[in-house]
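Below, chain A partners chain B and then partners chain C, in two separate complexes.
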Partner chain A sequence: MAIANGEKTAARSAPLNETSFIGWLHKNLFSSWINTILTLASLYIIYMVVMSMWTWGIANAVWIAENRRECFAISKDGACWAGVIIWLENIFYGRYPRDELWRVNLGGLLLILWMAPLWLPRVRDKIFIGLSTVFLYPFLAAYLFSGGDKGIFMQIMVSGAIVCLIGNTLHAAIGVFGDSSLPATLLRVLGKAEASDSNQRNTLLTILAIAFVAVFLLQMGWTTKFVPWTKWGGMFLTLVISGIGITSALPGGIILALGRRSKLPVIRVLSTSFIELFRSVPLITVLFMATTMFPLFMPEGFVLNKLVQVIIAVCLFSACYMAETVRAGLQAIPKGQYEAAHTIGLGYWGMMGLIVMPQALKHMIPNIVGSFIGLLKDTTLVSIIGLFDILGMLRSISQDVPWRGLHKEPLIFGAMVFFIICFIMSKYSRHLEVKLSAGANR
Partner chain B sequence: MKPISFITSVAAVTAVAAMTFAGATVASAKSTLEIVKERGNLRCQVGTPSPGFYNLDAKGEWYGSDVSICQAVAAAIFGSKKKLEIQSVSSQVRFTALANGESDLLSRTATWTLLRDSQLGLDFTAVNFYDGQGFMVPKNSGITSALDLKGATVCVLTGTTTELNLADFSRANKLNIQPVTFEDQNVRNDTYLQGGCDAITNDKSGLASNKAAFPNPGDHIVLPETISKEPLAPAVRQGDGQWFNIVRWTVYALIGAEELGVTKANVDDMRANSTNASVRRMLGVEGNLNEGLGLGKDWAYNVIKEVGNYGEIYEAYMGGGKLGIGIGRAGSANDLWTRGGLMYSPPFR
Partner chain C sequence: MAIRDTGKAPTRVKPKERFDFFHDERVRSVLYQLLTACVVGWLVWYLITNTAHNLEVRGMNTGFGFLTATAGFDTDFKLVEYEPGVGTYGRIFLIGCLNTLLVSFLAVIASTILGFIIGILRLSSNWLVARLALAYVELVRNTPLLLQIIFWYVGVFSILPRVKNSIDLSGGAEVAFLNNRGLYMGWPIPGDLFWMTITAFVIAVIAVVFLKRWAHKRQDNTGQQFPTFTASLALLIVLPGIVYLMTGSPLGWDLPTLQGFNFVGGAALPPAFLALLIALSIYHAGHLAESVRAGILSVNKGQTEAALAIGLRPGRAMALIIIPQAMRAIVPPMISQWMNVVKNSSLAVAIGYSDVVALFMQTALNQAGYAVEMVGMTMAFYMFISLSISGVLNIYNKRVQLVER
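Coming up: the complex of A and B.
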């Protein structure tokens, strides 16, 4: 006998097991007695670790004190963050003169201002903005950080950089708010929107020249106090070295990788041996060679800035690693792509720049960011050759007489700083990957 | 441990190569004094921060007894201790950095030994601190002499002569000491404080400054024995006698000033009113002691005026001063010879 009910039964909610928190716990953590034991044991371990860190690092910690003895007087089993706090300026700026710190901060702000348009929507000519960051910003920053007398070359580059920065910022603002570009807006304002191409170009060049001359005259009255590189240090120095290393790694790596895959034997052999030489030597050896041995081979009285030597060494080293990453990316591109590019009449550079590289770079992002993060951390090796980067400064705290022996807290602080920077980099790379592969999921 | 021993070997190779080139590079037409004067500042090499000798403070300025030697030499040449560039060089490449001309002067805790003096192309000038290796133990261990350390485990820093001295001492006295080696002194101290070893061995200056930083300094004692001789002296490149004399006599000026009772505070008064012929000659009031050194007449006056005499420097950084590491001086090797120590300046005449 079949019981048929024409009425549809009311929808029941999912079983408690599947939706409630308790159900989730039961299913995932306490499903059998062995899992229950494991869960409880893990919880206990986590509790112990977190509690002891909390007690040591926060609850019993000393935040304000004159010296370590005072920390001990207040609490013997807590962290003494006071030493790290008093040393913060050293940790971030090194021995940079304290009343000139604004220059370092301004340099950082200008970089953000310069690069911000790259991430804003509706801004045009982003390639130009990116290139100007790489080629002009370093001059402005170099003068800002080191100061002193400007040579004529430096004056020109600094003026160019300032003009470019103003132009970039206006261009970005016009792009975001007016959905237009700086040249177009200028022409419209001057009533030349309808003029001929050559007329327009001459007008724009005139405006550029006037702006350049104006800035040039203004900057002649602007000088800052000379700060020798030996006073640079802390996080600032770490970022300068790794920043330059990172910026130059990709172009250098691409050139080396293309060289290694080149059909011309001389270029191929040179690139390959260069890459293999630097890759098979540890960075610290390269640094020792650059700073200690190099001066011995130079003529009498020729003393090159040690910081420059270090930066060159880091750039060469990172370019070689990057070259292999790029080569791996190139090999992932099917041969058909090359052939297709040739078919539509592209030459070597057109094929590489328009077809192959864009696809290859997308595949390489995780590796590229991986090497950047590695490079950032590797630059702490310069503390061994006597530059006071962030690690050098952190380690000096335990030797300063008032803070004698304070070594755990600075290193923990340093670990947090590095974690934050590296985590942001890796999150950003993830974001880039998703953004660039949007086409693949269409 | 591995990477550091690798670094050490790299450094050794660099040093040997540097010495090979040093002769060619350094034998120049210009004397070091001329080069320094032309440049306008003295490049003085210290090490990575080490309490008492050379340290960075929270403002990013260098201080310490070896830094004071740098300042004294700068004052002797330029009349101002500020005309100075302090270079911090790791101990692996310290002698190379002096040999290749990067530094004019090495003023850091380098022990004066025959090997270094004769084979590294450098000259030690004058001892400015007599150190020696010792032991520190917890007070409640009941140990009162290093000879009680039979079978003990001793924490020691690796890669220095400290380790070697410990082994020699153990063998000579049949103590069968078990060394526990460390790369980082902070880690070594933590291990010792947690009972990981029965004693620490290090230079006594280092022991004193470590002890002062312990949570309970009173619970530890430094044993009386000194098992090695560590005379620390500033060094210069070989082959420039004038430069060697300038550095050596700057150190002697510091010691001599203390012998003669000239201090930072009374140096002006002494120069104007002293009737002591030695003081008058030293401070340049009479005679021409400066000529052979190629310095100005008031070089020693400037040294004392800018940095004070040896005793003042000791008190500030090694003794009980605010930035001092608290090593007693009375009766020790670092006291003046008139008070039973070894600090002795040849006469200023």
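Coming up: the complex of A and C.
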């Protein structure tokens, strides 16, 4: 007979083979004889790979040497990292003048500074910050990287970019620490928090104008040495090409995708054939086409340099791939959203811009990161047509007289660089995917 | 009680549409299309006139006449007869296309097999094996393919031993040799009566089809199973084997032999071909593995449980229930990966394997200089391949699509 005494029995601890390490081992590695064999085989493979990598790449490797012969003299069966180390600056910056490297670094730092608010909490107007990055940063970067005389247009854009950067940064700082926005803070400081709307707007515009004029006057005194694009190279060039490629791919891809889904037959056919044309041929043929046929397309006397040709080719190519990503995102939006937008009286652009695109873009962010990884890897193809991107630099180490024949080490180093960048980005896109779908999975 | 409405509905007055030319939808759609067509048409016309003008100014030749002109350069790897100074540019184009197709075809097969293995290993219950497969996938997917191809070429196949110290892959049987000039292997030469063996094989295949049908019918009628797989395998091996032996083994082997400084006879594959094949297979296997994994995961777990509940063994459950359903999710990305294999085989140009890009778009273009025609032909070739593959994919998708009710 059961005795009910109202007392709870104490919770028993989980069985030992569920919690202990041995239990885990048994369950995950040695559950059957086939699994045991697989585990042992895997252990053997890991042991072989790690040991050979360790002895070749670290234990027997040479880190400091003048040339490859010296490497061999020190250690016969080890990696010769000395060549990679001596070439390190070339790998990252190409033949960019060594005194001017700070400009490349500054350009990179400014980009980080500009984009950092996008990841900070409590910052408002992130869309504006993102758009200003896309539309103003390129001018600042172009001026920093190539330098030389700047025309009046470039001066205006550069000044605008600097004002915008300062504003963004202040705005972000105020947002993070004071949970407010830059315009509100400015108005409060000036004692106009209670003033009428038009008064406030005029005040802000005046401040903006003053800042712009001040920066404009300031930047007129700056001159930097002109660095032709032929001196650009290495990782820097790879990032420039893929960066321009991805930023222009998004608007281009959106337009092409909208065209492909358009109800107007002429627009649909044109967009579809354009997308399919570029998606069905390899990138290298597009690059060859750019270098052999673009000069023929241009009016006589108008010469595009090779970098511009390559960038145009990469932009066209990546826009067509992005178009398919955008199309997939658009297809994921339920029809009801389109109908609802029409019902409340929005036209085509209102429906797309205010209702459909924002939702679709949110869905697409992981895929966009994926495309960027793909584009970054594909950019190495420009080394085939004679630009010295990171792969071109890595390969030219083996042509350098002291390091003749040093093939493997630079390539492995390059693989590590790409792996780190791409791996972090793909993990981040996975993280975003989970974070963005959190709302949908409630 | 229902009220029957006998009276006619009052005739509605159609509201008078105010016809506004610029805000009418039909007018607008025509206008937009016309505008787009004009802009695109003008752009195309502009580019064409520029090109024509530039070609004329530079005195460049045009037209497809060059296809019948003789080409003066040689290629190290060809599947059809060609001799420099005798063969034409048309022949060069054919050689390039065939080389591309050969390496892509082999890479597709190898990467699909490897991809399925890695994809299934990714889902292994064995923690270590799953991690190892994951490491493989991450490693190959996060480094550029071009870098991998160059690595295999300069880091592996170019530092193989010289011809004199070739590695005998067949372990002393002297059938296949590997050295820094490539892979040399024996090649079968069919004799007079070999066609009979092939006929026997075809008959065996037909017999297997009928056997399968019969076994299926019998199982439906009586519930008795027939070991179809074992029987078919036996049929496929035994029948051609007997015919082959009875006709007196009519298959000779052309073996590579060392003569002077190089191997003569057999089939030879250059190092660039091997590097490209291996790099493509390994790279795309990593991508395919992810599709395979996603496809298997997309099958509802209830399906596995149901299959086990009706008494299928795990292997049969996988083969009869899971895989057929997973294929619906695996095949479309798999075919687009195959398309990528074909496109990425164009990276051969970086290591000097004579595919269509390297041979026709680079070497031939530099020699003869018909830029527009040659670029156009090469792109048309790739487009033809891509469109045919995606056509096949569309047919498949239509066939396996879930019929929604």
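Operating definition for what follows: the second predicted complex is superposed on the first by the 417 of 442 C-alpha atoms of A that agree within 3 Å, B and C clash if a C-alpha of one lies under 4 Å from a C-alpha of the other, contacts with A are read in each partner's own complex, and residues count from 1 in each chain.
As a working rule, a contact is a pair of C-beta atoms (placed from the backbone, for glycine too) under 8 Å apart; a residue touches a chain by one contact, two chains touch by 3 or more.
All figures in this text were calculated on a predicted structure; none of them were measured in a lab.
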item: Chain C versus chain B on the shared chain A, clash or fit after superposition; value: clash
item: Partner chain in contact with A:T230 - chain B first, chain C second, else both or neither; value: first
item: Partner chain in contact with A:L277 - chain B first, chain C second, else both or neither; value: second
item: Contacts of A:S396 with chain B and chain C, given as first, second, both or neither; value: first
item: First, second, both or neither for A:K362, with chain B first and chain C second; value: neither
item: Which superposed partner A:K126 touches (first chain B, second chain C, both, neither); value: neither
item: Touching partner for A:I86 - first (chain B), second (chain C), both, neither; value: first
item: Which of chain B and chain C A:H407 touches, first, second, both or neither; value: both
item: Contacts of A:T380 with chain B and chain C, given as first, second, both or neither; value: second
item: Partner chain(s) touched by A:R95 [first = chain B, second = chain C, both, neither]; value: first
item: Colliding stretch - chain B into chain C, listed as 186-194, 222-230 or 258-266; value: 186-194
item: Doubly contacted residues of chain A, that is, touched by chain B and again by chain C; value: 282, 284-285, 288-289, 292-293, 295-297, 300, 384, 395, 398, 407-408
item: Complex contacts: residues of chain A adjacent to chain C; value: 28-29, 31, 35, 38-39, 42-43, 45-46, 263-267, 270, 276-277, 279-285, 288-289, 292-293, 295-300, 373, 377-378, 380-381, 383-384, 391, 394-395, 398, 407-408, 411-412, 414-415, 418-419, 422-423, 426
item: Chain A-touching residues of chain B, taken from the complex the two chains share; value: 3, 6-7, 10-11, 14, 17-18, 21-22, 25, 28, 35, 48-52, 55-61, 85, 87-90, 92-93, 96-97, 100-102, 184, 186, 189, 209-210, 212-215, 323-325
item: Of all residues in chain A, those that touch chain B in their complex; value: 68, 72, 76, 86-87, 89-90, 93-96, 98, 228, 230-231, 233, 282, 284-285, 288-289, 292-293, 295-297, 300-301, 303, 306, 384-386, 388, 392-393, 395-396, 398-402, 404-405, 407-408
item: For the chain C and chain A complex, residues of the former touching the latter; value: 29, 32-34, 36-37, 40, 47, 50-51, 53-55, 57, 124-129, 132, 138-139, 141-148, 150-151, 154-155, 158, 339, 343-344, 346-347, 349-350, 357, 361-362, 365, 371-372, 375, 378-379, 382-383, 386-387, 390
